[in-house]
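In what comes next, chain A is part of two complexes: it sits with chain B in the first one and with chain C in the second one.
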Partner chain A sequence: MSRAKRVMKELQGIKDDPEARVGLQLVNEDDIHLLKGSFLGPPGTPYENGKFVVDIEVPMEYPFKPPKMKFDTKVYHPNVSSVTGAICLDILKNAWSPVITLKSALISLQALLQSPEPNDPQDAEVAQHYIRDRESFNKTATFWTKTYAPLDGDTQSAPVDQVALYGLNRVLVEQFVSQGFTENKVVEVLRRLGIKSMSADDHENANKILEELLK
Partner chain B sequence: MLLEFEKVYPVFSWSWDIPGDENAVKENGDEDLCGICRVSYNGTCPSCKYPGDDCPLVIGECNHNFHVHCIQQWLDTPTAKGLCPMCRQPFSLKRNVAINEFQMGRLAKVLINSQPATLNDDQDMMMEPEFVVR
Partner chain C sequence: MVYSAKMLNDLSGDEDSVELEFESDSEFNDDEYGEGSDTSDELLYKNDKKKTDYLDSINQKESLDRKPLENGYENDGVPRLTYNCLTTDQIYDLVLLRLDRIQPIFDCPYGDIIVMLQKYGWSEERLLEDWTEFEDKVLISCGLKVAKQIGCSRGLQNHPDFLCHICCESNKRKSFRLECGHEYCLECYQHYIKDKLLEGKVITCMGCSLALKNCDIDAIAGENSSQVLMRSSIKGFIQKHSNHYKWCPFVDCNCVIQVNNISTLSEFPRFHLSPYVVCKNHHRFCFKCGLESHAPGDCQVAEVWVKMAQMESANLNWVLKNTKECPKCGVNIEKNGGCNHMTCQSCDYEFCWICELCWKGHGGGYYECTRFKKDENNGAPETKNSLRKYTFYYKLFSEHENSAKLDWALGLAVEQKVKALQENIGLSWIETQFLPESIRALIEGRTTLKWSFPVAFYSDPSHNLTKIFVDNQALLVGAVESLSQLLQVKEPQDIINRKLEFFNKAKFVESRNKALSECGRDLLCKGICIARTT
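Moving on to the complex of A and B:
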């Protein structure tokens, strides 16, 4: 069986190359087809100081078919679904080649974090955020890294700051909270309407938000 | 002193004769591996038991080498589009190389079938066997 032999060789290869700083483990010792990979967020990006875990499913036909990969760690990135972790990357689909290994695929994911491709998005909302307001996008992505992918492994037990999580403008949220609506409700409505921030004189949107809040 | 040989045990070793490989510097003594199955060229593909003529090596026009069974299985998939897995150039066997001679017929059929597909290959991969280009 070509799949089992190759996966075993790949596991050993990653052990023999600690400098690549890529992790790969079987989820279950006697099942060769489910693995978890991990790598560090590239320095100089909002993913720096994060450890990202990837679920890997190796099909029967591997290496003639690509492994299925999706992020287990939540990632805020145009080419990764913020809900399911599904990844949009050509080499995992129709540009697959059997000489690509699990290690090189994981390194490609690391490179994807480094260079997002917003014109071929997996998560349209995140991609719009990236295109329209890079600074705000970076803030949100950094917040997600700190919250969901902390290097020291302690996932925060404190409630997550929802305003930062969804990249909303704090002043905008406060504006409605001060009118007596709960923060949760305001966050929910803004997300539903797809509004992250707006100018102070945008009465049309302000009315739309109020209308939704009062429903 | 008179020596008498009772038995002689000859030991042979072999390896594929890969043109242009004589001077290749092997990285820390590593043997060259087939990129598809990650087994040495002189070993077998995962479905074979005996190395050598049972599981031959082929040399591509692009100088990328694979076990014939490995590259054949790859070229049989629609995602391959007839391309070398290493360099994504159309894969063909290098001419006038001794070890390719016996494999020409075997691969010719696969290669004809897998000429770079021009139709709808940009969308999701069509992995199902029935999609294999006729």
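Moving on to the complex of A and C:
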């Protein structure tokens, strides 16, 4: 009972606030169980100029139990699963309190994009990338933002550049493509081995990659 | 292992003060044991002193008095466990009694100290240490002091028309607030508290980290609801201190055993028996692994066996499929969300769902957990064969488990018989004691027998000692069955007439029991019995 009233009030609150930096809508007009939230990527980050959509599921016990949130938009971020969009954020788990609203939770997500916690990762591979090579990480995250979260309308239907998508070193990929392997195959092997880039004299890894490619 | 709790209660006399002894070969003690015992004696002395202190405080409330041991060892150098059997309420009472002593140090209300103790996992030492250094910090971190006074009063408030920000309902009449000024309607507070009571952690204001004290909880959720919180909090305490405290594993038994001379526990495996304790309801269980007493097997045999038995059951299959044990405290955890970063609700340990390693260690090599690991290939025919062997032993095991259940029922009947004997024939209490003694011998024999099957299962069948073990098993089966049969006798006069027979058969079971236990221990010592998972 209190759940319906509270969710309606929260929706109204966001509608009435022209300054609100987040959006919140019901998926179905007559079902307060499922909502979609959205916000803009924080400026000065690779997520700038992106619009991120979050799936929200409001449990029966809301607001005494936290809402379930996951990214609908694909995000390249250490604390967000690059595959499922699952989010690792304490206030959505143990640290939830009934005073937290959907709006403040969405703002927290925005803040999470601003300041990743690579030491408490959801997506280990992404976190690794973040720690090892920040520049390359930023490039990939910007590419994901452009590809999956463009401000103006739908995501591109054109084939996505896989090399940029997985943050791989283009020179490295080219090196193997020029040896006659398809780009798809090279990308797949590099991803499986978890190698994004390597120095020219790293023969051990080069052999490993070749071995996998020839399998 | 599902026995009815109440039994032999009235017959027990002063059985409560238990020191248990472990039979052992003399050769064992002489050369292996003698040297180390000096230092342990000192340790024990300290423990005993602490204990007498501690018992002084109990005695005022309840007579749980036990003879303090002068020395933790039997004459022949076998370690003994000394322990108390308590309930959660008693443990909480003990804590409250301690509170009287430490209250002057803190010089603040009882409710505050309880909150602080809860926050510190009921560890006085840690709390006192922090308290003497930074009193203010402790108060703030425990949520007992507002960072900034705003002059709000604490407690229930009455309004003609209050708008609650949690449920968004207006015209609420009753609300509750703390000094921080965060105020919510009573219904929301009740709802909020309801689940938290069972978590056993300090409950805070919904809007900030200010703590609700027991009196606040009672005011919101009704008389005595804070007791629920205290009980679950003490449960956490027992879990955290599982070295010293263990729950009785028997169904519906709420006893907690507290072992005083914990330092001797590590010496038990030398004797390869389960260091068992007996709770008030006469349930015997191994203090080391928390299972029922499992001699002649050691803890590992029991653990591996039980795991195997669990795999058979469909119900536990689900648990295995959907939950994992917390790598630290062993609580089963179900994953209910997408994130692989797990935090154990019971011990706050953080780990990775995939690889079950500490989450902190995920700094460097976290790819490991997504990598495919090759399983050890297992030959199919061998699996089938060992399964057949396992099923054979498991059937024996569970049959004896069932018989043991029936024996408990028999024990209850014996209780009646003893009363009848005392009333009808006019025998004195002491003269009827042979009956409960025989029942005890029977149950102990049955338990040993039951756990001897796992030992036999894991033993190398071609070895001579295994053959002797199996013969010993058969002898104990015979002894147990014949005693069990004798106990079926109903006629009171008949029972009296056959008193000597009871006595002899019970003694026979005891000696066979001892022989089988020793034989099992040899199997384990010599590495003939090795518990494996597959």
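Here, the second predicted complex is superposed on the first by the 214 of 215 C-alpha atoms of A that agree within 3 Å, B and C clash if a C-alpha of one lies under 4 Å from a C-alpha of the other, contacts with A are read in each partner's own complex, and residues count from 1 in each chain.
The rule we apply is simple: a residue touches a chain if its C-beta (ideal position, glycine included) is under 8 Å from a C-beta of that chain, and two chains touch if they have at least 3 such contacts.
Just so you know, these numbers come straight off a predicted model, no measurement behind them.
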*Look at A:Ser2 in the shared chain and tell me whether it touches chain B only, chain C only, both, or neither; answer first, second, both or neither.*
both
*Which holds for A:Gly23: it touches chain B only (first), chain C only (second), both, or neither?*
neither
*Kindly classify A:Pro116 by the partners it touches after superposition: chain B alone (first), chain C alone (second), both, or neither?*
neither
*Check whether chain B or chain C contacts more residues of chain A in the superposed model.*
C
*In the superposed arrangement, does A:Gly167 touch chain B (first), chain C (second), both or neither?*
neither
*With the two structures laid over each other on chain A, which partner does A:Ser97 touch: chain B (first), chain C (second), both, or neither?*
both
*After superposition on the shared chain, which partner residues are touched by A:Pro46: those of chain B (first), chain C (second), both, or neither?*
neither
_Taking the superposition on A as described, I'd like to know which of chain B and chain C A:Pro78 touches: first, second, both or neither._
neither
_Quick check for you: in the superposed arrangement, does A:Pro67 touch first (chain B), second (chain C), both or neither?_
neither
*asked:* Does any part of chain A touch chain B in one structure and chain C in the other, and if so which residues?
replied: 2, 5-6, 9, 63-64, 93-94, 97-99
*Where on chain A is chain B touching in the complex?*
1-2, 5-6, 9-10, 61, 63-65, 93-94, 96-99, 101
*If you look only at chain C, which of its residues touch chain A in the complex?*
165-169, 182, 184, 188, 191-192, 195, 206-207, 337-341, 343, 359, 362-363, 366-367, 369-370
*asked:* Help me check something: in the complex, which residues belonging to chain A touch chain C?
replied: 2, 5-6, 9, 63-64, 68, 70, 81, 84, 86-88, 93-94, 97-99, 119-122, 124-125, 127-128, 131, 194
*Which chain B residues qualify as touching chain A in the complex?*
35-39, 45-47, 70, 73-74, 77, 79, 85-86, 88, 121-125, 127
